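Chains here go by letter, A, B, C and D, matching the order in which they are written, and residues are numbered from 1 within each.
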Amino acid sequence: MSNPEQDLFNLGMSEKAQPLFYAVQKHVEENVLPITEEFFALNEGKTNIWEWHPRQLELLEGAKKKAKDAGLWNFFLPDAETGEGLSNLDYTYIAAQLGRSPLASESLNCSAPDTGNMEVLERVGTPEQKEKWLKPLLAGEIRSAFAMTEPNMASSDAKNISTSAVLEGDEWVINGEKFYISGAGDPRCKIMITMVKTSPDAPPARQQSQILVPIDTPGVEILDGMQVFGDYDAPHGHMHIKFNNVRVPKENMLLGEGRGFEISQVRLGPGRIHHCMRSLGQAEKALELMVKRAGSREAFGKPIIRLGKNVEVISRARIEIDAMRLMVLQAAKAMDVLGNKEARVYVSAIKAMVPEKVCTIIDQAIQMHGATGISQWTPLAHMYTGQRTLRLADGPDEVHHMVVGRAEAQKHGAW
Amino acid sequence: MSNPEQDLFNLGMSEKAQPLFYAVQKHVEENVLPITEEFFALNEGKTNIWEWHPRQLELLEGAKKKAKDAGLWNFFLPDAETGEGLSNLDYTYIAAQLGRSPLASESLNCSAPDTGNMEVLERVGTPEQKEKWLKPLLAGEIRSAFAMTEPNMASSDAKNISTSAVLEGDEWVINGEKFYISGAGDPRCKIMITMVKTSPDAPPARQQSQILVPIDTPGVEILDGMQVFGDYDAPHGHMHIKFNNVRVPKENMLLGEGRGFEISQVRLGPGRIHHCMRSLGQAEKALELMVKRAGSREAFGKPIIRLGKNVEVISRARIEIDAMRLMVLQAAKAMDVLGNKEARVYVSAIKAMVPEKVCTIIDQAIQMHGATGISQWTPLAHMYTGQRTLRLADGPDEVHHMVVGRAEAQKHGAW
Amino acid sequence: MSNPEQDLFNLGMSEKAQPLFYAVQKHVEENVLPITEEFFALNEGKTNIWEWHPRQLELLEGAKKKAKDAGLWNFFLPDAETGEGLSNLDYTYIAAQLGRSPLASESLNCSAPDTGNMEVLERVGTPEQKEKWLKPLLAGEIRSAFAMTEPNMASSDAKNISTSAVLEGDEWVINGEKFYISGAGDPRCKIMITMVKTSPDAPPARQQSQILVPIDTPGVEILDGMQVFGDYDAPHGHMHIKFNNVRVPKENMLLGEGRGFEISQVRLGPGRIHHCMRSLGQAEKALELMVKRAGSREAFGKPIIRLGKNVEVISRARIEIDAMRLMVLQAAKAMDVLGNKEARVYVSAIKAMVPEKVCTIIDQAIQMHGATGISQWTPLAHMYTGQRTLRLADGPDEVHHMVVGRAEAQKHGAW
Amino acid sequence: MSNPEQDLFNLGMSEKAQPLFYAVQKHVEENVLPITEEFFALNEGKTNIWEWHPRQLELLEGAKKKAKDAGLWNFFLPDAETGEGLSNLDYTYIAAQLGRSPLASESLNCSAPDTGNMEVLERVGTPEQKEKWLKPLLAGEIRSAFAMTEPNMASSDAKNISTSAVLEGDEWVINGEKFYISGAGDPRCKIMITMVKTSPDAPPARQQSQILVPIDTPGVEILDGMQVFGDYDAPHGHMHIKFNNVRVPKENMLLGEGRGFEISQVRLGPGRIHHCMRSLGQAEKALELMVKRAGSREAFGKPIIRLGKNVEVISRARIEIDAMRLMVLQAAKAMDVLGNKEARVYVSAIKAMVPEKVCTIIDQAIQMHGATGISQWTPLAHMYTGQRTLRLADGPDEVHHMVVGRAEAQKHGAW
């Protein structure tokens, strides 16, 4: 067992990161949790669901200001000049705190897909691109989207992407259709990093590029919001977008033609780890609700936790959550120790493992609540649909199992 | 193996029922399927979601008229004067046809909870009760609800029901709270059969009664609609209702004080069988969608049905659906051969078996669709939440497994 | 729903078959169950495990004589001159009785692989082949084996079979290796129907043939018995056999060169149905043992059936067993109504469904017994290994799921 | 997140332990793996299965001598004078190496149940007890057993233990029955630590005691070996033992009357961790075999790893193994950081988690091997039965889930 391998098992937070961790925890508890309920209640009764209620903006901007004043801002960039130089492992502990309210990440300017977009711009952007887009993103003045998924391709195979970009003179002309573009419904969203096929004759891994498309470019047509089990998730929304001869300057290309997948390597790992950590926050919440319900609700003369399989369901949930947490921390550590590329299999492992098991745990919490579990009186139904969606987003489970299974086979020359 | 036991294995439809079966099939195909899409599209954009769009009523009444004209009306009552004298088994085949559109049952005046309510009135109602409520229900002029579930009790244990009815003079005075009262949001709903505790000092099985409560009685306060994974299922709705000193005449009691559970025996079996049969219709639909998607969508250069576990998922779905269908038919046959009481274990078996497995099948269809599976572009997300709800309605899975497990134990003196 | 489809749902035993069914039941109870324990106790302490103890032969021949005298002999052939002309459905009910003791089938001359071999000889044998091998098999004087599986091929793909037969003059010369040839260890076994590749240049489905190989032919080398979870299943045994230039006369070919798969169609369906029916007998036994144990063993002050998930485990076992029984009966009926070829998908469905679920049920019975469950004090461990083996025999689960899944896909043009 | 909590996440081996770890690894590879096959082949054909073949003793003693010479001896005692003062975490890494051959532990005098017995004697033994039994155990001259499980009690509830010890003068008189007493069949086994009920009138947790019973005491009657799925595991064996008025001196009592459960706390944690670590060794072996088979065996024209769900099965096995390893390491760390008592829930979590999941992985490896998987040609069948047994030994899964579930409930006052 070599030293780097052993290092993969040391998963505690660094001393250095602890002050930041506690500061974020305090911020979430003092500035975010108290405004969360009011914020979402304001969604009800809006005539245009994509519009923000002025009070919503006020609440969110207030929390952002408090974070900025406390110096809790833009610390997400791992090992970067602009960030705190946090390791992936340390950031993962912090991400768990951010999972406690849907507003927490944004209040610290750490919310998806902006974090990934900012990281990409920071790493591969030109000075002009940084000035124009990274700066206002880092300032929390605008938001952004990442336009990848297409309705007419299997999302499991990114090489299928068919939205085309053709160079005409000094402009790329983009045509195609994307859907589930999260955040593009938010009126504050100004820029989309868009995955396009620029080089259909190159080898498959070099056909795609990433390009900056301002959302107000003529030809960008937002058709509708896509629902998630009937919900539009307004005002951010998951938009269905058509690109009709959308023209952007040549300079909007990121890194270079045919380098789309190369850029993806930068963003994919951390984003998936943060998703998984937030999923675990959901699982902990579901477990807590399940235990409290099972301990307080009675049937046949006793608390239902004393009936049937309920206590075993609780035990299995606890065991699986603890095992998943260790796996997520190890994947983060692997990114620190082995680098994004080598850590790819660790990341696929947790992406395939976590949302599926978390869905099961939330589903069991629903079952233990009876009809209340599917109602508006608990967050469980909404939590379920959110996690269920993650089994499809960023590659369906099946693709990540393929990555892990193939890597295992390759160890023995079996692939 | 005695003859009645053998008879439990003859599960084909009777010759006698076949003309009716084919007539219903024709009606569904010609009069119901063509109006279904328009009907539900009219839900969008209503300001009061509980209100019916005039065109919705027009479509539905049109289909009802066609059914009545064809003599396809009120045939649901098993072995009753008013009905066609269909066996439970034969009706089950017909119920499968009714599962093909959410409007089909109502177009034939065979939709829940009216069927159960009409059956109860037909069996135990007084002539006055029949005249006042059964007649307009049989005519399809009004609709009804069944008010049983309470927010503050475990729905798994009906003996917990706490809404009280106290006799004061010639009136019962009702106080309590109910929720998920399906159909009570529909403006056409006029009467609720309500489960109340009248006899707190009697043995547990004799404490509850069922009583007729007109929905416009003073003190009936409809607080809100309960959501199902975020959806109100308007205009029928699942209402949250408070009973504040609601006074109904003594004569509204059904069958007699303390006989509430006795009445439940009448309604529970058939209702659960119909639910299960419709669930199988949903499973068949999900399987069909999954196969078509898997055969047409490509990834990594082939149709996804050729990838990974997909063909095995399809096989397992087919096998489980076929096995469930046989079990549902046998439960119906058991009601015919053994009577509702003896068939209770058969009915609990399918109630515990079917919705859980159907949820799994729909979930797999979602997975095979990718993001489209959770969107408004397929019916799968809505189908899933509907079936998930059934695992809690009419007794959660756990209660039905208790019935089956205990009966098995009793065969060997182990309970 | 057409009439033949409806007929697939009438699964009761015919009136005609009932006397035979009851006679077999009586025979098993009076003549077989009483000798079973003594028979197997005699296996202990034999120096040559492949040898029969004289008392074992005496017991078995005694039971055979009683069956013959009662006219219960060779009734297995469906719709054949020699048999009782039982439908597959009726025979399936009888097979359930035969599952009650490992000696029952043989006592009635109905045990595998002889039944399949006799059926093949009866259908496709020449008069000389019938005289020489079918006659003594029908008389119960000799036994036979079916040599198909090979150690060096994936048993999931019969087209892989590599044992070669080459015509030299008037003789076929056979070379190759087979394993898990059940019954070939029994000293009474005289003849093997052997699957060989005769036509390597024909299309894949026409390369294999079936040929009669007397077990004492020079060059037939029995290397060893194959173990099943450490057990040799002596004296029948599952033998590992080498064919070293084994020469048999040209006339030993069955039906004709290249027609091996065609012959397989004859034997496969019924054999799999009987296996599944016996598996259900094992599942019923496991469920009974589990219930009795759970009702009588105490922990923490109560019978363990009152603890944790146990009663739900029992319920799920009952539900799955009942569903499987209906599926097996329907597969038998499908063979009667649709013919062996069309019923193929029904048979694959139960072959994929039954052993897997029965393994789970036996495993749960083991768990409920604690250490006793894996000991020699209950039959559960042996039952488990037997059923586990069935998930690999006659095609692994995966192949049968492929058959069912592909058939489903073909309904929608998706394969 | 407090510091001790963070410490629970640092799971790497200590620098200090690494030389010992590598020395053990070298010993296993050079001195143990090369003799393993010969050792077990010598079991075949012994007339008395409980006897050791002289060559077996020679092989084992040779390996023991080499270990002793290299100073690799008795290092198992955590933080003890006699041992190396290894932490539980460090020992766990070493235990993984010991899982590579069934002979490895004994070659280093680290095999169960001797390790637990020695630890108990070291901690609570009197100087006389240590002189008489601990000394020869530490020298590897004798072996020992732990007699706890009884055939007539549910092993899930240790308070049920009914073997009685009654003080008559200066002797305890023991009567009762035990089974599955591992190692008691080995002729070298001289002493049994025996759990007995001495104080039936005390509170339940104080009724049991542990007492030293030399195996040659008159009245100790070894009835038979208990089988594990048909295997006696000779020569160690799992014995069925009757105690008929067995008399041992008063001084043989350990620690004191009624303190049996207190002593159990000492031994239970480490033993379960080592079991789990060895189980993971088995799982890794099964995964390796499965991958190699799947990569090399062909069907339908390709390696079976390219067919159906196989690659996903491999992925899921890898993910679960990695997650289990982290959990086992964390349980060991919890013993180091929190102490045996507080770590109890962590240990129950892995005891409930690991053997069940490892059974599944081995079972899938069997399935991927076809008939070879259940044969003597792979170790898989034997590995399966061994792991299956662990789901019952040291408390069945259900009891450990109860411990974990109850602890979770107590966090929220729900138990």
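Brief remarks on what is shown
Just so we're on the same page, contacts are C-beta pairs under 8 Å (C-beta built on N, C-alpha and C of every residue); 3 or more make two chains touch, one makes a residue touch a chain.
Predicted model, so just to flag it, every value in this text is computed and none were measured.
Under the contact definition, subunit B and subunit C share the contacting chains A, D.
Among the remaining chains, the Cα-based centre furthest from that of subunit D is the centre of B.
Of all residue numbers seen at the subunit A-subunit B contact, over half occur in both copies; the interface is built from largely matching residues. Our note on geometry: subunit A versus subunit D, Cα centroid distance of 43 Å, whole angstroms. Per-chain Cα centroids separate subunit A from subunit B by 39 Å. With centres set at the average Cα position, the gap from subunit B to subunit D is 53 Å. Residue positions of subunit C touching 2 or more other chains, listed in rising order: 308-309, 311-312, 398, 401-402. Residue ranges on subunit D touching subunit C, taken from their complex, read 149, 151, 154-157, 160, 179-180, 226-231, 297-300, 304, 307-309, 363, 366-367, 370-376, 381-382, 384-385, 388-389, 391-393, 396-398, 401-402. Within the complex formed with subunit A, the subunit C residues making contact are 308-309, 311-312.
Within the complex formed with subunit B, the subunit C residues making contact are 1, 6-13, 21, 93, 287-288, 291-292, 294-296, 303, 305, 311-319, 322-324, 326-327, 329-330, 349, 352-353, 398, 400-406, 408-409, 411-415.
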